[in-house]
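Once you scroll down, you'll see the structures, which are given as structure tokens.
You will see two complexes here that share chain A, one where it goes with chain B and one where it goes with chain C.
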Partner chain A sequence: MPKLVIDGREISVPEGTTILRAAERLGIEIPHLCYHPKLPPVGLCRLCLVEVEKNPKLQASCSTPVAEGMVIHTESERVLKARRGVLEFLMLNHPPDCTICDKAGECKPQEYVFQCGIAESRFIETKRVNPPQDFGDKLVFRVDRCILCQRCVQFCREIAGMEELGVFNRGGRSVIGTFRGKPVENKYSGNMIDICPTGAITSRDFRFKSRVWNLTMVPSICPRCSNGCNIFIEFKDNKILRIRPRDNEQVNQCWICDEGRFGHHFVNSLDRLTTPLIKNGGKLSPTSWEEALGRAAEGLGRVIANYGAESLGGIGSAWCTNEDDYVFQKFLREVVRTGNIDLGKIREEKDESYPGNDFLIQPEKAPNRRGAEEMGISPGEDCRDREGMFKEAAGGKIKAFLIIGSNPAKETGAREALAKVEFLVVQDLFLTDTAKQADVVLPAASYAEKEGSFTNFRGRVQWLNRALRPRGEARPDWKIICELANRMGGDFSYPGAQEILKEIAEKIPAYREVSLEKLRADGILISTK
Partner chain B sequence: MRLKDKRLNILEYFYIPPILKGMGITLRHFFSRKVTVQYPKVKKEIYPRFRGAHRLEKNEQGREKCVACELCATVCPSKAITIEAAESPDPEVEKYPLRYEINVLRCIFCGFCVEACPKEAIAMTDRYELADYSREALVYNKEMLLK
Partner chain C sequence: MEFSKETRKKFEQVLQRYPRKEAALLPTLYLAQEEFGYLSAEVVQYVAELMEIPAPRVYGVATFYTMFNKEPVGRYHIQVCSNVSCALRGVEQLVEYLKEKLKINVGETTPDKKFTLSTVECLGFCDNSPAMQINDDYYSDLTRDKIDEILEKLK
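Now for the complex of A and B:
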């Protein structure tokens, strides 16, 4: 372990560590633009120059490994002068258009220029003008803002697994571009919005939606597949405006896929259910919670009284949190006393468009299949699974269904089976085909509007924080089930999802280690079966 | 300790001299130069740096100078400014305010928005008679501000 001194402070780091990383350990931030911890150092921007004693020239700290006895200065006069000069060169062709740039506010060059106190450019010549380029419908590329750090080129090559960008021409005419002007198509291209240190690559989806300092960030978990990537939900006026990755070395490092990044619009959709609906004379009409819950409890109770608990089936959801699913199965097992419980069908999609595209994306397009199963969303002994339930419903043995967060009406035979049942209660975000057939439809809160936990496909349990107020009168699924259970003779009095989590930790052996603090940090890997 | 009332002398007892003294002041002002202005028939002179209702400035093409950077909305201490940005239909301009609203009911006329604007796109006029019949009419939209 070489020992070295940075700014008068001693530190020893493993062999091969770069000066920049060693300084980071001491809490010293050396300004840098091209270096990114997840990409190989290229030493292009020259902003991270530091003074190494007994070395005639300043060294690029991002690519110089430490050596025994090095004495490094990161804030000496020589370094500051060089940094100022480099920054001035980098800004030569960079337009001063922070006023309209979406990056402004989280832009590194902007920050560094502000720190250096450079107010005016000495450059009187006309700025370089390169022809505009189209990067496809996810990204907006503003070639004049580019400082040629090549992070995007590196990202495509090293992380996304599809070499789509390159540097064309030489010297002052160098320009980033796509090969033959093809649009960028890799499944992780949105990450280039984050890693681009300037506003050269910005998001088409978020374009001009808001200045970044007006957004509120809430840590959450991406619901688009079973990988459980850590995200920040960034919102304004109770509307999600963008999703950005949150660092978690165990799950997604600092990346997310484009589906997760741009696939949040369903939360803000105007088609969301906002009030409970009940069927009156074959037509669904809005009503109050009181009436809808009363109708649901009465309808389910009637079926149980007339045909027995075995005539009721429940379909849980891999889109719901562990807490929702736990309360759901507890309601069916302890209040209704039926074991006809199964999980709604999960869309599976294996994308093989290019090798390496699956480094985050999982084929299972629901966040919590594993968690739901472990919560007990599976048929009890001598009880029917999903297909069995629909078969029996078609045969007239199952008379009522309680379906949360899934749309089985798309499956073969299920639509006919659902049409035959006497009573159908559906809890969902949207008026799905299944909900259209229901007697009572209850509006549920989306993942951004409730607290809870997801278990990813590897068994990592992670916590979702509430970001938004639920749309309209929507409520979290567990709350709806509790209300329903209390109307049917149960006693479900959970003040919040956190108390349900505590009960899960007590009741389910695999989850005994689970606690809110651990879930909020990096999540916790439950013991595998 | 007991306080004793000051005994009034005979002149003070009849209140005549104080009344005459007060009348004297009134009469003196009656004939001196008047300070009141007969508003609204007569209006006071407005000083050049007076901060009245806002105006959005136009460029040579007659379009708003504003590029919707939202610095005015950010600096506004009473959160009176709402801006919704969009891609401009003008190919020469990238970003423009689709919606620009100033809620004059919230505005405290501090002028920070004018100071913050990097494009000199917002100014304050000498218009100060802003009363209206509804609250809605006092949320000035872009068209009203551009007039």
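Now for the complex of A and C:
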């Protein structure tokens, strides 16, 4: 391991480490623009120049490997002068439009120019103006803000596996662009918004919605498929404004897909249920929690009393947290005493003809199928699975359903079956076709409005933190179930999802290692059976 | 759009000369320019498919080199050197002269499609500057008279 000295401090790093990486280990951040830890170093921007003693020329630290005995200065007068010079060049054609630029506050050149204290430009010529270019409906490209670091080009080529961007023309006339104006179509394109160090690539969805420094960030897990990418929910005034990736080397590195990034609008949708509803004279109308829960407990209780516990069926959800599903099945098994439990149907989608590198997206379009099953959302011995339940409902044997977070009314046969039952309770975010048929509809909190855990398809259990207040009067599913259970003779007194997690760790062998601390860090792989 | 049989053969030969297919991109673009006159977007797309290289990368290469024409050019493509040696020897006035004589600007083609006028980087004739290239021929030690003479001969 070569030993070297950076800014007077000694360090040994493995052969092949670049100067920039070695400095990082000492906590020294060398300003850089084109270098990105997940992309091959290209040495384009020259901002990362450092002085290596005995070397007449300054060296690009992002692409120069360390060598034994190197003595490096990252803040010497020569380096600072070069850095100011490079920045001045990079800014030559850059419009001074931070005031209206979405990147302001998280823009790299802005930060570096500020650090270097360059107050004046000596450039008196006219700034280059290039015709605007359309990158499609997800990205907004402002060519004049581009400093040609080529991170975006590299990203498309190396990570997304679809080389949709190129560098055209030469020298001072170079521009980034798509070929023949073809929109950028790879499913991971939103990551370029994050890695573009400037405001050249911004988000069509987020732009102009807020200055970034007014957002609150809460770590969470993406609910759009079973990969379980780590995200930050970024919000203002109780509204999600954008989703960004959160580093987790085990799951998504520093990336997320466009579905995960832009698919958050359902949370803020005006169609969300805001109060409980009960059916009176064939019509659903708003009511209080008290009344709705009372009606639900009474209705389910009546069916059990009249036809027995096996006349009740429960459909759990791969959209709900482990804590929701655990409490749900516990209620059915221990209070209702039925094993007619199964999971709502999950949309599966695999794009076989996708030409790019589909490295995150899973076919399962729900975050927690595996966790739900492991929590016990599956039929007990001699009990009915989903299809069996609907068949028996159609045949008149199953008389009531409790359905959380799924919409079976879309499935053939299920709609008719649901129409036949005597009593139907549905918990959901929206008034789905299933909810429309219900006698009691209970508004549930979305993933962003509650705490809990998801288990991704590989078996990694990860924690969601609450970002928002629930919409209207919505409540987390587990809480609703607890209330219901307590009205039906149970004693479910969990103060919060964290206590449910503790019980899961005690009761479910595969989950014995889980703890809040581990889940909050990188998550934990459950022991495989 | 497709290479003629003859060009196709040349292309196969070009491929033989390089260890990797991608390395043959420049000569292939030349062949395409010879065959189709200039590198239109369609031609770039065709070459990209032929070479199995993403089109944006091919287009990047095509636009990097001034030797590749992205627009149709006239029968005679006059490329005047605009680099240092030629500039010191007064090439700017000669460019002005050509503009007046042909009644076009740099980058334009005469209405009869006979001449296109461009300025390019060093042609390697610094010792006999000012210099220009017309199609595949080079002319050096240029003066107004010499230019008259050269253009006169081009039919």
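Going forward, the second predicted complex is superposed on the first by the 525 of 529 C-alpha atoms of A that agree within 3 Å, B and C clash if a C-alpha of one lies under 4 Å from a C-alpha of the other, contacts with A are read in each partner's own complex, and residues count from 1 in each chain.
One rule holds in what follows: a residue touches a chain if its C-beta (ideal position, glycine included) is under 8 Å from a C-beta of that chain, and two chains touch if they have at least 3 such contacts.
Quantities reported herein were computed from a predicted structural model and do not represent experimental measurements.
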Superposed partners chain B and chain C on chain A - clash or fit: fit
Partner chain in contact with A:Gln150 - chain B first, chain C second, else both or neither: neither
Touching partner for A:Thr178 - first (chain B), second (chain C), both, neither: second
First (chain B), second (chain C), both or neither touched by A:Asn191: neither
Partner chain(s) touched by A:Asn214 [first = chain B, second = chain C, both, neither]: first
Included angle at chain A between vectors to chain C and chain B, based on C-alpha centres and rounded to the nearest 10 degrees: 90
Partner chain(s) touched by A:Ile100 [first = chain B, second = chain C, both, neither]: first
Contacts of A:Ser317 with chain B and chain C, given as first, second, both or neither: neither
Minimum C-alpha separation between chain B and chain C after superposing on chain A, in Å: 29
Contact residues common to both interfaces of chain A (with chain B and with chain C): none
List of chain C residues in touch with chain A within their complex: 41, 44-45, 54-57, 59-60, 63-66
For the chain A and chain C complex, residues of the former touching the latter: 157, 163-170, 177-180
Parts of chain A lying in touch with chain B, wherever the complex brings them together: 97-100, 104, 207-209, 211, 213-214
Chain A-facing residues of chain B, complex: 67-71, 74, 85-87, 94-95, 118-119
